[in-house]
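Next come two complexes, and both contain chain A; in the first it sits with chain B, in the second with chain C.
After this line comes the complex of A and B, so read on.
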C-alpha cells in the first residue's frame, strides 16, 4: 500500500473514532465543543506512559482511554449543571484550559511537545476504528442509547417517563471522553509526536462538524461525516486554500437544505435491506 | 424577568455599572500598588486591549441575547475590516495615500463587515425562518456560522496570503499624562469603543427599534403577534453586529499595525471569554468582562510569561460558568435554550 493511501487511512480511522466520541454526547443532546481537550488528554497520557514506563502498547492504549474517560466523567459533573450556550461554552473553555495547561507544563514538554517512542501500525488503527464503530452501533441499540435519544428529542418528556437525565448524560460524556481519548492515543502512537498547539479550538470545531454534517440521528452519521470530510479534502488538494472555502460553502448549503445531516433516521430506514422485506410483507397482507 | 431588560436595565441596574467600575478599579489599584511604572504601562495597554475585547463581546452578547445565536462569524467580520482596510491602503487600490487613505480604508473595511454580516443573516437566519418557522431553537445557525467563518477567512486568504502583515501604525502621536506616554490613537480608541457601546445602549433603551429588539428577545412569536415585523428587525441585529465587530477590527488595526486572515480568532475567543465572565446578555457585563480579560492578559504575560494567557483566561471562565453561570451581571434566563 502506498504511503499516501495508508496515511489517509490512518487519519480517517483517528477522525472516525474521534467523531464517535463527540457523537455520543450529541445523541444525548449535548454539543461538545471541547473535543480537542479530550483527544489531547489521550494523546499526552499515551506519550507520557510510553516514554516513562515503557509498557507495551496493549497496556498503554486502554490506560490512556481510561484516563480520558475518567476526565470525561469528572468534568461532566460540573459542566452538565449548565445548559444551552453555557454548556457549549463550558466545554469550549475546558478544551482551551487543557491545551493551555499542556503548553505550560514542564513534564509534558511545554511548547516543544513530546516524542512517542512506540509506533502503532495501520492495522491497529483499523481494528480500533472497526471496534469503536461496532460499539457505537451496539450502544445505539441498547436501552441507554434509546434513553440518550429521548433526552435529545424532549428532555422533560423523557424525565417524566423515568429516564434519569443526569445519569444518562454523565454516561454519555464518559463514553464520549473514552472514544476521544482512544483517538488521541492512536494519533500519538501513529504519528510518534504530540504538541499542544495541534489540539486547538479549530480541531474541536472540525470534529463537531464531522458529526453534525454527517448526521447525529444514527450511528451511520459520524461514519458518513468522517468519510466526507477526510476524503473530500484529498480530492480538493490541488485547489489549495479553495478547498476550505468549498468546505465552508458546503456547510452553509448543508444547513440550508438538510440540517439533520447527510444520514438521517429516515434514510437508514428506507435503505435498510429489511425495508424491501417489510414492504413485501405488507403487500402479502401479513 | 424580561430577557432584554437585561440588556439595558435590570433590577440591579444602578449597582451593575458600579460593580463593573469597582472591579476594574480594584484590579488596577492592586496591580499598580504591587508593581512599578512597568505595571502602569501594562495596565494602560491592558485597558486598550480590553476596549477592543469589550466591543467584540458586546456584539456576541447582542446576538445571543436577542436571537439565542452564538455567532461564530464575528471573528471573521473583525478580520474582514482589518484586512480590507490594510489591502486598500497598501495594495494600491486607493489612488491616494496617508492619513486620508487610512480613514477611507477603514470606512470601506467596516462597510464590508456590515455587508458580510447581512449576507450571514440572509443565509442562516432568514432562510431557516422560512423553512422551519423558527431559527432560534436550533444549533443550525451556529453550525452555519462556522461555515461562514471558513468562507470569509479563505476568501481573504486566497488573494492576500496567509502571512501576518506588519505595517507602520498610522495616526502616530503621543501625549504625556503624569509622566506616562500614551498614544493619542489609544485614547481615541478607548473613547470610540465606549461611545459605540453607549450608543447601542441608548438605541436599545430609548428607540422604537430598540424596543422591538427587546420584544423579540423576550419571545419572537409574541413579538410578531404584537405587531413587530420580526423579519425586518432581525437584520438590524446583524447590522449592529457588523458595526461593532468592524469598529473593533479598525481599532485593532490602527493600534497594533499587524493584520492577518486569522487575526479575529484570538480576539474572538477572548471576547467570548469576556462575555461569559460578565454574564451572557448583559451589555455592562460585556464591558466589565472585556476590560477584565484585557487586563488579565497583559498582567498574566507580565507575571507568568506569554504562554500563560489561555490558561488564566479560560480557567477563570470555566470557574465562573460552573460556580456562577450567569456571570458577574448576567440574566439567568438567557442562553439556557436548547442548542
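After this line comes the complex of A and C, so read on.
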C-alpha cells in the first residue's frame, strides 16, 4: 500500500472514531462543539503515559480512553444544566479551556507540544475503527439507544414515559467522551507528535459537520460523513486552492438537499435487504 | 357508588392549586377517582383541564395540595417516578417520537419495566423475537393497529397515530391511565373503535381519567364525570346527571345577565 493511501486511511480511521464520539451525544439530542477538547485529552494522556511510563500500547490506549470518558462524565454534569444554544456554547468553552490549559502547562510541553515515543501500525487503527463502528451500531440497537433517540425527538414526552433523561444524557456524554478520547490516542500514536494548537475550534466544527452532514439518525451517518469529509478533499486536490471553495459550496448544497444528513433512517429502511421481503409479507396479510 | 367507597380510590386530589403569575389556573381542586372507574374530566376551553393533567403527571409542580396514587403521595415525584408508581398518560397533541418506528414508539412505553442495566444494554432492535417486541406487537394487533411495525410513524393517518399513543401509554402496565382528548380529531367510526378499545383494555383495576369534549364519547365510556370551570371544580358525580346541572350549563352556555328590571319582576 502506498504511503499516501495508508496515510489517508489512518486519518479516515481517526476521523471515524472521533465522529462516533460526537454522534453518540447528538443521538441523545446534544450538540457537542467541544470535540477537539476530548480528542486532545485522549491524545495528551497517550503522549504523557507513553513518555512517562513506557507502558505498552494495549495499556495506554484503554487508559487514555478511560480518562477521556471520565472527563466526559464529569463535564456532562454542569454542561447538561444548559440547553440549546447555551449547551453548544458550554461545550465549545470546554474545548477552548482544554486547549488553553495544554498550551500553558509545562508538563505537557506547552506550545512546543509532546513527542510520542510509540507508534501504532495501521492495523491497530483499522481494528479500533471497526470495533468502534460495531459498538455504535450495537448501542443504537439497544433500549438505551432507543431512549437516547427518544430524547432527541421529544425530551418532555420521553420523561413522562419514564425515561431518566439526565442519566441517559450523562451516559451519552461519557461514551462519546470515550470514543473521542480513543480517536485522540490513535492520533497521537499515529503521528508521533501532539500540539495543543491542532485541537482547535475548527476541528470541533469539522467533526460536528461529519456527523450532521453524514446524518445523526443512524450509525451509518458518521461513516458516510467521515468518508465524505476525508475522501472528497483528497479528490479535489487537483483543483488547487479552488478546492476549499468547491468543498464549501458542496457542504451548503448537502445541507439544502439533505438537511437530515446523507443517510437517514428512512433511506436505511428503503435500502434494507429485508425491506422488500417485509413489505411483501405485510401485503399478504402476514 | 357505595362499592366505590369501600376500596381505596386509585387517584385522589386534595386542594390542588396552581398559579401562573397571579392567575389561579387550578384552584383548590379536590376529587377522587375510584379504582376501576372510567371518569371524564370536562369543562370549557381554558378551564384548566390540561394544566391539571400536567400537574398529575408531573410536568408542572403543584403550588399547594396533594395528589396520591393508590394511597401513595406522588406530587413530589419527578414524572418518571410517577410512571413507576403506576401512572401513564397521553397528550392532547400527539407526542409520538417522529423518528422512531411504530414498534419503537410502543416499545419505548415499556421503558420503566426494562430499565435495569441488562435490559438497557441488550440489542432490542436485533432481537426480532424478544418478549418485549412480541408484547408490543400483540398490543398493536389487539388495538387494531394493522400496519408494518417497522413503518415510520410520521406518515400514518391521524387516527392511527392517536391509537398508537394510547397503546404506548398502556405498555408501562399503569394502574391509572390519564388521556388528554383521545377522541379529538377522530371520525365517528374511529371514536367508537377507541371507546370499545378502551373498554376492552380497562382490565380489572385499571382506572381511566379522560379529558374529552365529545360528550357522546364521554357518555359512552365514562360512568362518572368531574367538571372544571375557571380552574374550579363545579361538578363531581355520575355522567348522566351532568348536562342537567345548572352550574355546568351556565359554565358552557354562559349565565343570563339579569337586569335590575328583571330582578325586580322576579322579586
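Just so we're on the same page, the second predicted complex is superposed on the first by the 282 of 286 C-alpha atoms of A that agree within 3 Å, B and C clash if a C-alpha of one lies under 4 Å from a C-alpha of the other, contacts with A are read in each partner's own complex, and residues count from 1 in each chain.
Heads up, the rule we're going with is that a contact is a pair of C-beta atoms (placed from the backbone, for glycine too) under 8 Å apart; a residue touches a chain by one contact, two chains touch by 3 or more.
Predicted model only: the values in this text are computed from it and were never measured.
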| item | value |
| --- | --- |
| Chain C versus chain B on the shared chain A, clash or fit after superposition | fit |
| Touched partner set for A:100, first chain B, second chain C, both or neither | first |
| Per-residue touch tally on chain A - higher for chain B or for chain C | B |
| Partner chain(s) touched by A:146 [first = chain B, second = chain C, both, neither] | second |
| Partner chain in contact with A:119 - chain B first, chain C second, else both or neither | neither |
| Contacts of A:160 with chain B and chain C, given as first, second, both or neither | second |
| Shortest CA-CA distance between chain B and chain C [superposed frame, angstrom] | 11 |
| Set intersection of chain A contacts, chain C complex versus chain B complex | none |
| Touching residues on chain A, where the partner in the complex is chain C | 138, 140-147, 149-150, 152-154, 156-164, 217, 265-266, 269, 278-279, 282 |
| Complex interface listing, chain B residues touching chain A | 64, 68, 70, 123-124, 127-128, 131-132, 138-144, 146-155, 157-158, 162, 265, 269, 272-273, 276, 280, 307-311, 313-315, 317-318, 321-322, 325, 335-339 |
| Interface residues, chain C side, partner chain A - complex | 57-59, 78-80, 83-84, 89, 91, 95, 97-100, 104, 107-109, 111-112, 114-115, 119-126, 147-148, 150, 152, 168, 172 |
| Residues of chain A defined as touching chain B within the complex | 29, 31, 78-79, 81-90, 92-94, 96-97, 99-101, 103-104, 110-111, 201-202, 205, 208-209, 212-213, 241-242, 244-245, 247-252, 254-256, 259 |
